[in-house]
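Residue numbering begins at 1 within each chain, and the chains themselves are lettered A, B and C in the order written.
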Amino acid sequence: MSRADVDLAKSGPPPPSLVARLRDNDLVASFLSSKTTAAAGLIALILIVAGLAAPLIAPTDPFNPAANFLMDSLTPPRFVAGGDPRFLLGTDDQGRDLWSAILYGLRISLMIGAFSVLLGGAIGVALGLIAGYAGGWIDSVVMRIADVQLTFPAILIALLLDGVAHALLQKSNREETAFLVLVVAIGLSFWVQYARTVRGSTLVEKNRDYVQAARLIGLSPARIVVRHILPNVMGPVLVIATINLAIAIITEATLSFLGVGLPATEPSLGTLIRIGQNYLFSGEWWIVAFPSLGLATLVLSVNLLGDWLRDALNPRLK
Amino acid sequence: MIAFVVRRVLASIGVMIAVGLIAFAMFRYVGDPINQMVGVETSVAERAQLREELGLNDPAIVQALRFLARAARFDFGVSYQFKQPVADLIGARMPATLELAFVASILSLAAGIPMGVYSALHRDSALSRLFQALSLIGISLPTFLTGILLITLFSVVLGWLPSFGRGDVVRLGPWWTTGFLTVSGLKSLVMPATTLALFQMTLIMRLVRAEMLEVLRADYIRFARARGLSESAIHFRHALKNTLVPVITIVGLQLGSIVAFSIITETVFAWPGMGQLFLQSIQNVDIPIMAAYLLFIAFMFVTINLVVDILYVSVDPRLRASLHGMHG
Amino acid sequence: MSAALLSVRDLRVEFAARQGPLIALDGVSFDIAPGEVLGVVGESGAGKTLTGLAIIGLLDPPSRIAGGEIRLDGERIDNLSPARMRVLRGRRIGMIFQDPLTSLNPLLRIGDQLTETILTHLSLTRRQARERAIAWLGEVGIPSPAKRIDGYPHEFSGGMRQRVVIALALCAEPALIIADEPTTALDVSVQAQIIAVLKKVTRVHGAAVMLITHDMGVIAEMADRVAVMYAGRIVEIGAIGDVARRPLHPYAMGLMAAIPTLEARAGRLAQIPGTMPRLSAIPRGCAFSPRCPRVFGRCEAERPPLIAVGERRAACWLYDAQAAPAAARAENSR
């Protein structure tokens, strides 16, 4: 340890880090004690693994049009009359095996969700730290922009950004750029929450002894912010991130359902449901039912986890 | 107080102008307006002439101001797809969206607040747990999924309610059409309004519950108990009032988002409202409609925020006092 | 001797915790006579507030009364149903809390909060209740009560608010008031005024007071008798003059010695070494034994009961004729 770090340690310990608190008995005990939470955690884990491993476990590749069974389109699931043993959950209007499509859909939903949360989180945390630490006009500008953006619901912002992005990129590339546009649009619609929370925490931490000590020693602001303040404001960020993951997944599904998200050639769960709704009245119920079930389960379990995390990390409820 | 209101109004106008400039930027610089408006056969010379006529060669500032001035008069130009004035298109569809939003708002408040209060006061009852479970589902299920679920149950399986459209509407005055006055109109409203309200309802319920639990822990509630006040007096005279004040703000803001979420509901139920129009404009890159919708939404939110701010200050005596203290 | 107004016998209060119930109050016993002021003094965490809450029936789960009896005018009140307990509160027992700012509902006018309390307990018309409320405000020393009655809590200063709180607690004329740290949240300059108001009003209306505080100065101003609490038990109880000037229990001695006085020579402030034990780690025998300068064998083995020493009582083996005969004889002969 450098001399500076040693001196820092002497000026009093910063609040216990997130990892230390996670190792605390109470948290693990509360996770295991609630059956719903443990079940939710397990289910979420299964879904995440299934989604990520989709290329390995799916019988067919639904994103490859050549692999579609056009002749067998609209086949019911295997366990229903008229079903085909090749297609566990039936096929859709393009002849895609629904089981594979759901797996790949899970995968892409999770990926978009994760990346957009990371993007939004990175931007939000960075801006929050800067605004909180630097103060002054930087703070005002960032917070003003945040306030204006906050008057609109995130989904509207995502929708608008999506539309503008596609307009700027010209229609012909819509399908190739869909993934990127979605991540950026959803991510940008979320940064505000992170920024606000982190800014608040930064303002609090800024005045604590260990930060004052670091400044006296002459550490650069960047070093102070990244190495000392950042770890201590991460707690609430994690909670927001979990909640946001569920929202990001829902937002992507919604945008795809509305037709401005992932196209039918690379369907996510939302796209599949959109396609399925057209066949609801004509009897091919499975195209809507199974993706819906998958989406609902995913979001529900992520939400339950987020709820548990928020309650567990809330110091006031202890 | 007046000074406060004036300041807030000015701030709102400021936001509107900022949004207006963004809308203008979209309008003018995303894609080429001329190319969107004319067919492929139009010659270059004709395009240049059109450009001149529309004032597209003027300095940006002039164009911006012209745009803002026109917007203030509800003139948003002509739609690329439909070749009709945007204002007319939006106007024709506004009643559908507003009626839907109105019913959904009322529903979410009328159901959400009592459920929230009940589950705060009777924390461990079976009904509370049911509400909790429902709220989790309400928050987890995306709006469109709820809609599809309702359609499956009430249209496909039971056949009770229509699954698309507004039913028969009655024209009131030169501009407004209402679905409230016909049976099919009302029937058509049920599922979309419920779908739209569900998310808000669960949000309100959770908020009211959390806020009320917080309030019930306060010292003044304990002191009220120590004075022997009855439970109903404590719950409804003291706790409820204090709960609803912060809830007003959030509820007000949420009500605005109902109009935004109507985009989804209108798509699921093929409801002929503004949301659907906006969605089509996004798919077809119809910039004038996008810009106009943006302005409309901004206006609505800004107005709602303003009203909520003023309401909040007039309801909480502490804020009123601090305002008076700010004179001079 | 007149019958006690409040009689507490062997009160036990427990907290349910993950590892098993923690005993927060362990066999607390005392009496309060009508109109008497009993001070209850001790460090934070000694159990003073819990005793008050237990008496008025406002213990929140996970705490609960696990044993003992509380009697008001001879009748048991610790085992009443919530509905019947509510009838008592305000009308026969009142309680005031530490922070006057948070004790008052910020959204309701003072007058409304007063009339509401009065009307809950006394059958009067609205007008009569309002007049009573104005009278009460006058009694606690609020200037221009008829005008200020329609004010909101934030329009009053800290001292004024606490006066309103006192009025609120007394307006239904209870026989016993439990005052939990009534001056701690106030400026020093205001504290004396509030004590004066409390003293006057309770005397005029004949109310007994259980005055909970960690501030001996407040006790000295107002109390007739004082009980010293430590780790959930009463360690000494007696007349204020006796306990303050010649404390019996070593802890009480330490407390009195720790109070700096203006006349004493400047030097190190006296301290009692160590800290009060946590609820999960209360020693066997006497709870004070690890810190006691006069500890001996029996102290760590067996818990001392309250032993009578003349008119006073102390929970210390020093005063047991068999355990420490010399000390006991010395004390009794004084």
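Criterion: a contact is a pair of C-beta atoms (placed from the backbone, for glycine too) under 8 Å apart; a residue touches a chain by one contact, two chains touch by 3 or more.
The shown structure was predicted, so the numbers you read here are calculated from the model rather than taken from an experiment.
Asks: For chain B, which other chain has the most distant CA centre?
Replies: Checked the centroid distances; the maximum from chain B is C.
Asks: Count the touching C-beta pairs: is A-B or B-C ahead?
Replies: Ranking A-B and B-C by C-beta contacts puts A-B first.
Asks: Using CA atom averages as chain centres, what separation in Å is found between chain A and chain C?
Replies: About 54 Å, centre to centre.
Asks: What whole-number Å value describes the gap between the mean CA coordinates of chain A and chain B?
Replies: So the centre of chain A lies 25 Å away from the centre of chain B.
Asks: So the centre of each chain is just the mean of its C-alpha atoms; given that, what is the distance between chain B and chain C in Å?
Replies: Computed value for the inter-centroid distance: 55 Å.
Asks: Which bits of chain C are touching chain B when the two form their complex?
Replies: Interface residues on the chain C side: 56, 58, 86-91, 94-97, 99, 102-108, 116-117, 120-121, 152, 154-155, 165, 168-169, 172.
Asks: Can you name the residues of chain B that touch chain A in the complex?
Replies: Within the complex, chain B contacts chain A at residues 15, 18-19, 26, 30-31, 136-137, 139-145, 148-149, 151-152, 155-156, 163, 253, 256-257, 260-261, 263-264, 267-268, 279, 281-283, 285, 287, 290, 294, 297-298, 301-302, 305.
Asks: Which positions of chain B touch chain C when the two form their complex?
Replies: Residues 218-220, 222-231, 233, 237-238, 241-242, 245, 316-318, 321.
Asks: Give the list of chain A residues in touch with chain B in this complex.
Replies: Touching chain B from chain A are residues 148, 151-153, 155-156, 159-160, 162-164, 166-168, 171, 246, 250, 253-254, 257-260, 270, 273, 277, 280-281, 285, 288, 292, 295-296, 299-300, 303-304, 307.
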